[in-house]
Structure formats: structure tokens, C-alpha cells
């Protein structure tokens, strides 16, 4: 077999010949990086600081110092070309187009930052993990995989790396404690596996302007007996949805709906469930971040060992609460959402509220913020402030305080052991660069995906807050800790996550009952866990299934799985948004 | 080649297939086969019958695995018998 | 001189041994599928014979590839290289023989001149008429300068008049070049018109050879007689049965010993200057129910009538060893 | 069966610069076997397509039994055709193929007719087979049979139907065809480039050249009294010899020699004579035109005499005679033309024809 | 005269193809077979499980359902595309200056990347923003291919017909142009109707190209993945989940290589059997390779 | 024979059926995303109009590189497929040899392999030989599908050329290579054109293998297109514009081979 370096020449040759025929490449960034001797990295850094990296939480001098460190640390890697990849997102676009250029001019390392669909990122990551062949030098992927990363051992534990072989390329001013998503990327062993790059949450979204209208408030009060406001529980959400879809129907001549969701058979159909839906309904156990011993996937762990997802093994994936969650999702989609919603994917449905005919959405990604504050949109006032607001999501009847309330995740830098050390180091430099304090605030303002507490507390964010519909307030409040990503109970995220969407789709189409769908799902999860146990490759924290028992036994025990409630629709409860926001501003969780 | 995930049984299987291909080729060179019509509803050469035998064996195993938990070796023996019959009378 | 030595064209066929006279035209006459094409292909080296050998000037050609042997071939279909001009086609064997360009040019002009293709040198074959295409094919065969030129029914696909004129041209041209020509055909007229020598072929076996006239006069078998007759020779019942050629039948006796046959007229065909009388001899015999008499001049006889036909005694063909005459068609 | 009349028929393909057919007039009698003789590109196929109705013609040009069929589609014209290469419906048996043109008739009639025609053409044994199982010649026989089954057919067109057959078999096929034609009284038009076929088949032959009919006549008349140089050249094998000559008074001269008499206006002309109307002798002596004998071709023998062609050059013109070859050798010779057979042309057309 | 000559030196000519295909087919195929008897986590972590995956797949109702749907889809595709393709081919003018343009237009859907095809139809058929979906809904017919299995099938078939009928049409057209004019002339003289011409003249001569068309469409429709994935994602429910959709979820989504490999070996066997039966009938029919 | 008038109707209808989805794609490509999502795109005529989607594509080098990458592996694939298929097709069309029919079917059967599972082995294989993330890798992988078809098509074309042409050349004394390249190839150039069309047709449109075998360097256009799908929604306008642009090379290719298309679609096998 030919070595990697030598084997490439035929391809390059042939391609070169072909391309030469096409009139030659005119790519300006092509060709080798300019000779190191002639590049004035210091001047470049100064230019970037002046022209791009402001505002910043650091004073100019500190910024320059930080950048000087990058220049120095990168010296052994000058001229290197590395490839990193992430999903398409405003933040990453900024990194891909602006920050790579800055990084190259400051360090001499050329980074190709690819943007592809999220599913493809995971596919590439898996390809590299399973084959041991280097595909990308670094990945930005959601921290949902923390359970996978910490168990399989493909991923470089950053704690070890920073202390060991990567010590010389670890930014002294990185300030890990400043990252608000740090806990998400920490494994059960306490090691940091990923470095947060962008962060977003899943919140309740609603039309603040409509909720303030007296006529609507009166009508709502009359019909349901309580105030129209931010729903605290699903009963209230349901009432509000019913109110707008079936009773208000039109506002200013336009058909409006009290709910928006998506239902097309697509991998994204599983996300909402794996992200938080079960926990919001209350299927798991209390215990931030994900619930212990049963988490928001309905997977029980004993110690750190996953022990089953079916009720029969002590899990809650097919417990009454999970089934309730699925049923509510289906009912609401059918009864309250616009008819086309059932044919949409996550990406298609996401921008719909921006079109101005959706009154509220129970589960809304803050990544859409940037696209919802553009002047001229039906949901933006003439002064540039939004007509909408974000608020904590309501929870279902099984939920109890101390449980995860929503989904929050951080796309974070992940480095694989199969990436050669020098490339890994260079990529690590780039990763630190794009999250460094010099750059971070500017990036946050562009992409609205805050990662650093220091950024959140900055003046610039305060200025921006009124336009962002509550984003800043949310992140500044301690309440945000109730929003978490998939936790460490999930030992093989790719294999398990893919089980959700086909089963959910089965139920949505009416082919099977919600109970049957969740039963099948839970069974399949157990099967995967069983295989992992059989293979015994995950070591100390690998799955070890409980023996199956009569579900009734588990249901009778305290905690998850919880028995079916007699009344799944308690009275609706709402809070005034302004009270809520005031609590957040004061640093309370409400 | 470790990425090819070799196991002994599959290695033996592929070696057997390769060997039989070699044998068939040598046989063909030594005594060229004549197309004929046997039990099968078409004219076949020796190579055709070999292919049909392989296909039959594959599907026999598939059916076996689908419908019974009995040891697969029985299916293999049946396939061998069917294969020989096909080669001889097909 | 080209020599066939115990050549077996097809498993089971009798071996052929024959010498084709050097510098002459040998016509190989036979029905479709009688082995003409097989013979030409073996001579050209395209196919291996079942057994036996082909020798050229005493040397075996067995190991000589078609390109090396001094044999060229013209097919009945007009085979030319579609992507090459007429000049390119004519020069092709010379290119293969690595002649230099100037010499090729001269030689091509020369051959083109001989074949009347001088004005067409820059055209492509598909822009030529059938006759011209075949001339190019012949020209290319000639350009190889081979000792032996094999022509496999070269004119059969041409229009009647064209065939007629090419036939006349060919003989002079070929004689002029002095190559040994093997020319296959199904038409006995070609044997006379072109042949210095004649070979009759049936069932992949040599039936008879000799000068056309000798074969015509003294066919060795009924099959040979049929082959050399157009329309076919008529069967005279009797023991042993005999054959009489259509052109040897007359309406009037010539001499006292003329054989006479009473026939029933089935119909007449005329081409204006000759008449073909289709008739049925009496008494009717199963295998001799259809006779044709080739009469000169215009003769009009009503169908259904009876006439007597006469044949000079010497023109009745009898054979020592009676062989089954091949069935018509 | 119908009589067919063409009246000043012309045809030009859309977009073509020249007419493919120009001013054809022709009468084909009811029950006549007519041949159209011409080389490739003479317009034979176009004429066939006009007759069958595959190409539309201007009204007033084609009449079947006096009925103008110029714009009529093929089927009501009741024309059938046998093509150069046999055309059969491959999915049908031979019997079905034969019955197909009669599909509007009662089944019993169909069956009877199929059997009848099949017998006539000796294809009875093939009736149950499919075309794919037949030889080329058998297929063509079936195709011929199919052209004849339709009882109300007005015209049968034959487009070089015997191309596929080898010489020995052509005689047989043609004879069958003629017998059927005669028995059924079918009006047939037989198209060919092969003069032997045309002449032997047809009662009358029309020679087509460059889109025009040069002459329509019985075979013998075509041979003996060609109306046009091209007819002379095209009909007969080999064709007519043509010499540059001159009419002076009532004399016809060639190469300065008087070779016969002709009543025509004085002036240059082309003198034509068939190979069998002249004899060549070797040697310088005697009368006749002096020529140079260049070669001979044996064609056969008749009663101890070799028959064949003799080729000679007269000035720059090559001539051929067909004669007994006894005593002929290359070298100087004399050409004698039978004076009563002399034919002269001027501007292509024949002059001085008596009556 | 034999049409081809026996000569084993011809193997030399086939050698390059053999090398290329062996490289890109045999090695991966062997790997897949190796995978299919193991539980694979990564290159080094694997567990021999024998025929377990096969047994599991063969008894998996989802596999069997997908197989049945797949057969139904392929049958429907063939039943729609072959007749329509022939009709279109018959409707095309045989000559004239427009033929080239028409053929190019006809070939366009064949050259569009498959995911774009799916996207086009998704955009086209969406009830809210699609031309087709909106038009149909405005006609008063409730149409939503993402919610109604029947609508999903209709849309999917419409898409496949749109995408691939051109192939059949072009094949049939080339078959038609190869029919000698004389056959049509004979038919015209026999007064055949259009249907009769098709039945007696054209169809028998189209057989061989249609066999090719059916074979290609069978193979490709059996492996259809990208377009339905983009269009319906296999839904609603499982109503448009075909074999390769299921397989791809397993192989690419879950990277669950063992079961996926067993699945695809079975899948391959089914396609192989179908095509072999077809191929053999082609040989029987044409008496050639 | 010209088509019946009724058939013309069918042609028009079918043409409309073919054209409408493409029209819609073009229409969407010329609208801002917001207008598309709002369902504002009037079916015909007025409505928002913008070329911004195309501007986006033309100004971002990633798209441009994606196009070049795709074109280069399509070109390499075509070159490899045609050049290895030519001798093989010639062997199949002109000779009989041990195992030829089985070999042919085996070649064909490669087209039947479902690509999804082969992705990881493919990736492993091409990584092992150092070809990962090069156009050559994708080209070679596509060969699995294009080579058998190329052999099939070319074999059909070659079989339509009378063997007498080969024999003539042998008699003339030309070597086999000389004959093959100088005489034979020009004769079947129509077949080569059609093979190119088919190779293009497969290689250009394929997504799975191309995606798996490339990283950032050789990323093909079909993969670049997926970047329009993001966590903040799908950019339909840019996606449509990219879709429109991916159709164009196909049209160009088919235009060049249109004259041979008809013959080639029958794979030269029309009897």
C-alpha cells in the first residue's frame, strides 16, 4: 500500500491536467502561503484588532498580547494547511470566511473551515472514529455526543491534552471557567472532552405584541378563566394554542395559529424528542443536568452504566410520561399547527414563525434569532425591536421542579486521537483562536450564540439586548442551567438517536399507537445497549442491563418510570412575561 | 488490511470461492464445456450451472435462516447436494 | 503460385488439394454456403483451416499472419475505413508497410488512376456510390502489392449495369497487374467472363476444376453441371439419367441423331432477344418436372401447348458415377 | 384489378431543388405485368410510393380505373407491395400474415383464400410458423403471397423482390410469380434495375431515367427500337454500342464509312447497334470498318462453337460484339454492322424511325 | 462464419476493467461480507456473531415490509414508465430540425443530480409554496404528500416518472428509428390503425431495447434512495420507506455496520436474482451474450 | 412516418410535465428566500425578483470550487471508464474466451450493489491507498458503476461494426493497436460520445459516494449544496439557484452528443 503522501500524486496530476484545460485556477487564496519571512504578523494582528475584533471584553493591549501568543505558538506550524468542519450556522460562516483569514494572517496556518449539513458532520466524525483514518483535523459538533465520546475513547480528552502534549499550544488566557457550556462537554470522569464554540437554547417563543392586546387578553380570560401569558405548563400552552388556532383564527385579516411544529419523516423529527421533549413532559428523574438515574431519553443508569430504556428494565422511554409526550406532540401538530407543518422538517419549520402568523411555539431554537430580527419582517417593529419574545418553555404534568426544563447545547470543538498530533495542535490553536476573548464578543454579536460569561456580561450585549427578544436576559439568568443537552447516560448517540425518528414517524402517520411506537423504540434502545454490553468495549461506564421485570414493579417504585397520571391536564397556569423578565434581570430563576 | 475486518470463517469462505473459480477455469481449459439442456429450462454451460448452484446455495441459506433456528450446517449440506445435482443434471 | 494442400474447410468435409495458376484469374463457383467464403478466409489467413495447408510459391502460409502474407482480400460488402479518405484508404497497406509518404502518394495516384478514382481522392467512402466504394476496396487490395488477390463475390451488391461494366474492366485490369486472382461467385456467367481457370465448390469440397470451357463441356458430376448452368440443367429421365443444358435445347432438329423430348409448355420468358421456355417433360417424373429451354430469338408459345425439343446427341451429359443432384434452392 | 393511368405526374420532395419525377405519363393495362426499369436514383421508389399512396400526389395525375386516387390514402387504393427485403409482421404466424389484409372479410373466406394462395406459392407448409423461423427466400415467398391474398386488390407493386434470391433460384421464383400473375389476372408493376428480370417478367417495360420515362414498350421493341440512347445502353447485355456518326442525305456514316441508310435530316448523329447486330473479324482484309480488336470474353459454347464477346476500339470508342469467337484474335480487324438494324440518335432521341 | 472467434488472449483486453472493478468492487464487497458476520464498533473492536444479523434481518418485519414496498414501487415504476416512454417516443417526430432539441430537452431530467431532483419536486409539490401542491389545493382537492401516504406515493411516482421516463423514451425512440420505413409502408398499405401499427409492427421490434430499458429501470428503481429521501424522507410513517432508505439509516445514520452489511448482502442477492432472471431471459430471447 | 396529431398533444403535455418543475426551480432561484417562504411566488408573472441567490453562489469560492471538483472527478471518471472499457468491449465484441459471459454478468452485477453499505469500505480502501479526498477517489469509485455500463454500450456499438473492417486492417498489415486507434475508434466515436454521456449522467448526479470519499479538498457540488440546510432553516433560494446551475453542465454535455444519443440509447443494440 502506498503511503498517504505518496499516493496522492496521481490524483493531483490528473486533476491538475484537467483543470489546466479549464483555463487554470484563479483562486486567490490558492497556492502556498506566502513566505513566512516577509509576513508581518504583528502588524496583521494589530490591523485585525482595529478593524474587526471590536468590541471585545479585552482592552486593545491585551488583545494584541493574546494574538502575539498565537503568532508565537503557531510558529512550528506555519505553512501548514488544516481542515476543520462544522455545520452551517451564521457563527460558523463568520469563522469560515473571516476568522480563518485572520488566523492565517496572524499565525501563518491556513485553515479550511468547511460548512456542511449537521448530519454530514456527524457522518464524517463517525467515519473517522470507526476507520481510524484522519478526515478532518477538528470537528465542531454538539455536546450531545459527550456520553459517546467519553466512553469510546476515540476523542482526545482536552483536560489531558492541555496538561500534556498540547500544553505548549494551550492559550494561557483561555479561561475555561468563563465558558457557560463547560459542564456540557465534561464527561462523567470529570474530564473536558470538547471546547464550546457556539451555544444555543430551546425556549418558548411567542408573539409578545398579541399577548399584550387587551381584546385578546379579555377573550382569553373569558374563555379559559385565567390570564393570557407565558404558559407555565402544557395545559396552558394547549389552551393558548386552542385559543389562537380555533377561536381567534384571524388577526388583521390573516389566518393565525396557536402552535407551530414539524412532522415530516426526517432525522430532525427525532431531535425534539432526544433533545428535551420527554424531560419537558416529565418522563425522567430530577437532577440537573439530565436527570438521575433516569435521564431525558428514558435511559436509566446505575452508577455510570446505562441499565435499560424500557420500563421493564427500569427505563422510562416507553413509560406513561414518554407516551404522553409523544401523544401531545402529535395532537398539537394535528389540531393547532398550520396544515403544512406536518410536512416540514426542522429546517423548513424553523423560519415559519418569522412570517408572522404564529402566536407561540413551545420549542424554539435560539439559533433562529438572527433571522427573526431583520428589519422589515412581519415580526419586527419599525424601531427594530422584535414583536416576539422568548421565555422558559412550559412543562408537562409529570414534570417536577429540579428536572431539566429544556434543551441547550453547545457546538464544540472535538479532536480525535486519530488526527496526527501536529495537525491536532494546529487545529487546537485555531479552535482556541475563534473562542478567545479577543474574538469571542465580536463573534457572539454576529452569530448570537454566546459561549462566554464575560461576553454575556459585556456592555455590548446589554446594548443589543432589546433587539434580541430576551436572549441576553435568559443567558444572564441562573435559570439557564435547567436547559441542557443530551447527557452522559447515552453511550452511543449515533446508534441510539437514529432509532427515534422512524418510530416517531410511525406514530405520526397513525400506523401504530404512540404506546406501540415508544415500546418499539425502547426495545430497540435496549437492544443497542445489550450489544454494547455484549461487546464490552466501553469499559467501566459501559452498559450493563438490568434484568427485565414486570413493568408494574418499576412503575410502583418512586421516581422514573412514573405511573400514568389520572389527570394529565391540570389547570392551565401562566405568568406575565414582564414579571418573568424582571426576575431574570435580577438574576433569579423565577 | 485490518480494516477489511477479516474473520476466519469468511476468509475460508472467500478462499473456497476463489479456489472453485480457479478449478472451474482450469477444468474449462482442460476440457471445454458444451452447452446443453438438462433439467433446467434453458441451455446451460458448466459455468452457468455453477453460477446457478451458487445462487441456489445462497438462497437456500437465506430461507433457512428466515424460517428455522436449526443449525445452518444442514442448509450448507443441502446446498452442496443441490449444487452437485445441478452440476450433474442441470 | 498458390497451392491448397489437403485443405479441410469444415469438419467432415473432404480435403481440397488444388493449385491456382499464377498470374491468372481463378473463378471459384459455388452456391451460397458452399464454402466459398470459408476458402477465401483461410487463404487470407483470417481463419485457420481444420487441417491442411496453404502454400504460396512453395512456402507454407500456416504461420504467416494476414498482414504478412502476400494475399489481399476484397469483400462483397464494400469494406473501407469510414474515417479515412479515398487516398488514405488506398494508401493504408503502404502505411502499414512503412513506406515513406512521398512514395505512398505516388503509388496511390497510380492506383487511383487505374481505377478511375483520381478525382475522388479527397472524399470519404460514405460520399461515394457503391461502385466507387468497391473500386476503392479493390484499389486498396491492389495497393498491398500482394501476389494473390482474393475477391469474395465483389460485384454481387452492385447495380446490374455497373456490375456489367466493372466485370469487363476487371479482367483487363487484373491481367495487366499479373496477380494471381481468386474470384468467388454464384453466377456461372462470371466463370466465362472472367475466369482463366475455374474451381467448383460444393459442401466445402472441391467438385471440379479446370478451364471454364472444359468444365462446361465435361462436367464431372450433375452438381457440377448444375452449377455451370443458368438456368439449371434439365434432368433427362432414363438409366442412367442424363442432363441437358437449357441452351442446348432447340425447337428444330439439327441432325438425325438429335435426342427429342416432348414437353408441355408452362410459359415463356423473353428478354427480347432470347426466350426462356419453361416446360414440363412428358412423361412427368417427380424430380424433373420443370425444364427450361434457352432459345434465341423471340418465341411465343401458348401455355398448355405441347412442343418437341431437340438436343444434339453430344450435348447430353451423362455421368459415370451417378450422384444425387442437389435440390433446387 | 385495375388499369392504372399516370397523367403528367411530377413530384418534388419538400425542400428539394429538383423534381424527382417530371411529367410521367403511363398507361398500365388491366392485368398487365409491367416493369419499371432504371438504375438507382432514377426515381423508381418515389414512383412506387406515389402509386401506393405513401406519398401524396397532386390531384389529376394518378387514376385507377379512371378514378382519381392522387390524394387517397393507401388502404382504400387497394394497392399491395412486395418490398426488396421481405416485410412480415413478426408477431404473427405466416397464416395470420396472409390473412391480415383480408381482415374485413368473413373468417371462412379468409381461410379459404389463405390456403389457396399458400398452395399457389408452395408455402402451405409454412403457414403455422412465425417469420423468424423462415429463411430469407421463404419470407419473400410469404410476402409475395400476402400481396396477393386480398381479393379486391387493384394493383400489386413489386420492388426488386428477387434481390434476396441467388441466381439459380431467381428463375424459379420469377416463373412462379408470372404464373400467378397470369392466373389471377393481376395488374403488377415490377421495379428493378436488372434488365433480365424486367424483360423476362413484363409484358411491357418502362425505362425510367432521371425522373422521366424514356420509353414504354414490349421487351423486344425496347431492344430493337430504343427510343433513346440511354434505353439502348441500358437495355440489353452488354448494352448498345454507340458511335459518333453523321447522316448525309439518306446515308448513315460512321468513321467515314457508309454503314447503312436512314431517312432523317442531315447532320451529326450517334449511331447505335447492339453487340449481336454486328460481327468482328480478324485481319485487315474485307469490307467493314477498320478496328483494333482488344480482347474477348467467352460466354458459353453452342455446338462446338465458342460464343462470347469481342471487344474492339474504333478510334477512341470501345465497342463490343457478341458472336462466335472462332478465328478471332487481338489485332486489326473489321466491323460489319447489319445495315437493317441500324439505329441513330440525335440529342439523345432516336431519329429516322420508320413510322 | 462464426461471429466471434475463440481466443483467450482477449482476456488481456478485459484485464484493465477487471483491475479497476476488482479494486473498487471486490475488496469492498468482501469487506461487507466480513462485516456482516460481526458486530463492528470500529476497526479494532468487533465481535463475531455468525449469522445473527442475517437471521435478525430476515425476520425483521421492517425489512420485509420495505422489500414488499420496494417490489411494489419497482413494479409501479415499470408499469408507468415503460408505456409512457413508448408513447412519448412514438409521439416524437422522427426527423427534422427539432428532433435534436427535443432529445436534449428529454434528456435533461436524467442529468440533474438526484438530490436536486428530490429538491425540485419537494419545492414543486409542497402544498404551501409549490406550484403543483398549491394548484391542486386551489382546485379544491386537498393534497399533502407529506401527510397522506397515497399522496406521497403519487408524488413519488410522478417524480420518478418525471425523472426516468426520458430514459425509456429515448431507448424506445432509438428502437423505433431503427425500424425500416418499409415496415411502416407495408402497414400503411394494409390500412393499419395506429394501435395496430404499434401492436404488430413496432412492439415486436422494440422488444430488445425494452428489455434493456426494463433492466436498467429495475436495477435503478431497486436502489432508489436520494430522491425519495429528499422528497418524503420515507414517510409519512413508513409508507415510502424502501430498502435503501432503511439501509442507509442503518449504515450511514447509525454506522451500525454489521446488521447493515447483512442487510445489504441480502438486498444484493435479491437484485442479483431479479436481474439474473431477466438477463437470462434476454439471452434466451436473443441467443447471444 | 410523422407522428399523429393526437400524439403531438401528448408530446406537448409531456413537455409541460417535464418543464414545469424545472420552471418552478428557476422561478424560485430568482426569488429571495423570505418571499419563497411566505409563499409569495406568484406562479407566473410578477412577484419578487432577485438575482441575489446567484450572486451568492458566484461570489463564494466554495461553490465555484465545488463545481470544479465535481467536473474534475466526472472528467477523470469518464476518461478512466472509456479507456478501460474500450479494450474490454472490443474483447467482448470480437472474441469468445473462457468465462466471458459470466464475466460480463459479473461486471453488470456491480451496478446492482446498494451503495450505502459500501461507503465505509470504500472510505477505508481509498484512505488506505492515500486517495481519500481526491477527485481520483470519487472517479474510481464511480467506475464501479460507469465501467460496466460503458463496456455494455461500447460493446453494442462495436458489434455493430462489421468484423470485416478488422480483418481488412489485418490483411492490410496494420497492427492491432494501430487499427484500434486510427481506424476503429473514429468509426465508433458516436458510441464513445454516448458512453461519455452515460458516465457523466451517473457521475455528475451521484451523491453518496462522492460525499463519503471527499473531505474539504475535493468536496463536490452536490455536497456543497447541503450547506444551504442549516440550523437556522433552509435557504431555498440559494438551493434552487444551485440546482439550476447543476443542470447546465448536463445540458451542455447532452447537446454535444445529441446526434449519437438516439443510437446510443439503444446501446447500439437495435436489431
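Each chain carries a letter (A, B, C, D, E and F) given by its place in the written order, and its residues are counted from 1.
Everything that follows uses one rule, which is that a residue touches a chain if its C-beta (ideal position, glycine included) is under 8 Å from a C-beta of that chain, and two chains touch if they have at least 3 such contacts.
Keep in mind that this is a model prediction, so the values were computed, not measured.
**Student:** Under the touch criterion given at the top, what is the topological distance in steps from chain B to chain C?
**Tutor:** Minimum number of steps from chain B to chain C: 2.
**Student:** What chain pair has the highest count of contacting C-beta pairs?
**Tutor:** Chains E-F share more contact pairs than any other pair.
**Student:** Please tell me the distance, in whole Å, between the geometric centres of chain C and chain F computed from their C-alpha atoms.
**Tutor:** From the centre of chain C to the centre of chain F is 53 Å.
**Student:** How far is the middle of chain D from the middle of chain E, if each middle is the mean of its Cα atoms, in Å?
**Tutor:** It comes to 56 Å between the two C-alpha centres.
**Student:** Just how far, in Å, is the C-alpha centre of chain F from the one of chain B?
**Tutor:** Using C-alpha averages as centres, the distance is 36 Å.
**Student:** Give the residues of chain A that touch two or more other chains, as numbers and ranges in rising order.
**Tutor:** If we look for residues of chain A contacting two or more partner chains, we find 123, 127, 130-132.
**Student:** Pull out every residue in chain E that's touching 2 or more other chains.
**Tutor:** In chain E, the residues touching two or more other chains are 27, 31, 35, 40, 43-44, 128, 188, 205, 252, 255, 257, 272, 276.
**Student:** Considering only the defined contacts, which chain D positions touch chain E in the complex?
**Tutor:** 49, 52-54, 73-76, 79-81, 83-85, 87, 89-92, 100-101
**Student:** Of all residues in chain F, which touch chain A in the complex?
**Tutor:** 34, 37-38, 61-62, 64-65, 68, 71-72, 75-76, 79, 120, 123-124, 127-137, 211-212, 215-217, 219, 223, 226-234
**Student:** Within the complex, which stretch of chain E touches chain B?
**Tutor:** 27, 30-31, 33-35, 37-38, 40, 43-44, 46, 48, 50-51, 54-55, 58-59, 266, 269, 272-273, 276, 280, 284
**Student:** Which bits of chain E are touching chain A when the two form their complex?
**Tutor:** That would be residues 39-45, 47, 126-128, 144-147, 149, 232-239, 241, 249-250, 252-257 of chain E.
**Student:** Which residues, counting only chain A, touch chain E once they are in their complex?
**Tutor:** Residue positions touching the partner: 119, 123, 126-127, 129-132, 152, 154, 263-267, 338-340, 342-345, 494-495, 498-499, 502, 505-506, 508-511, 531, 534-535, 537.
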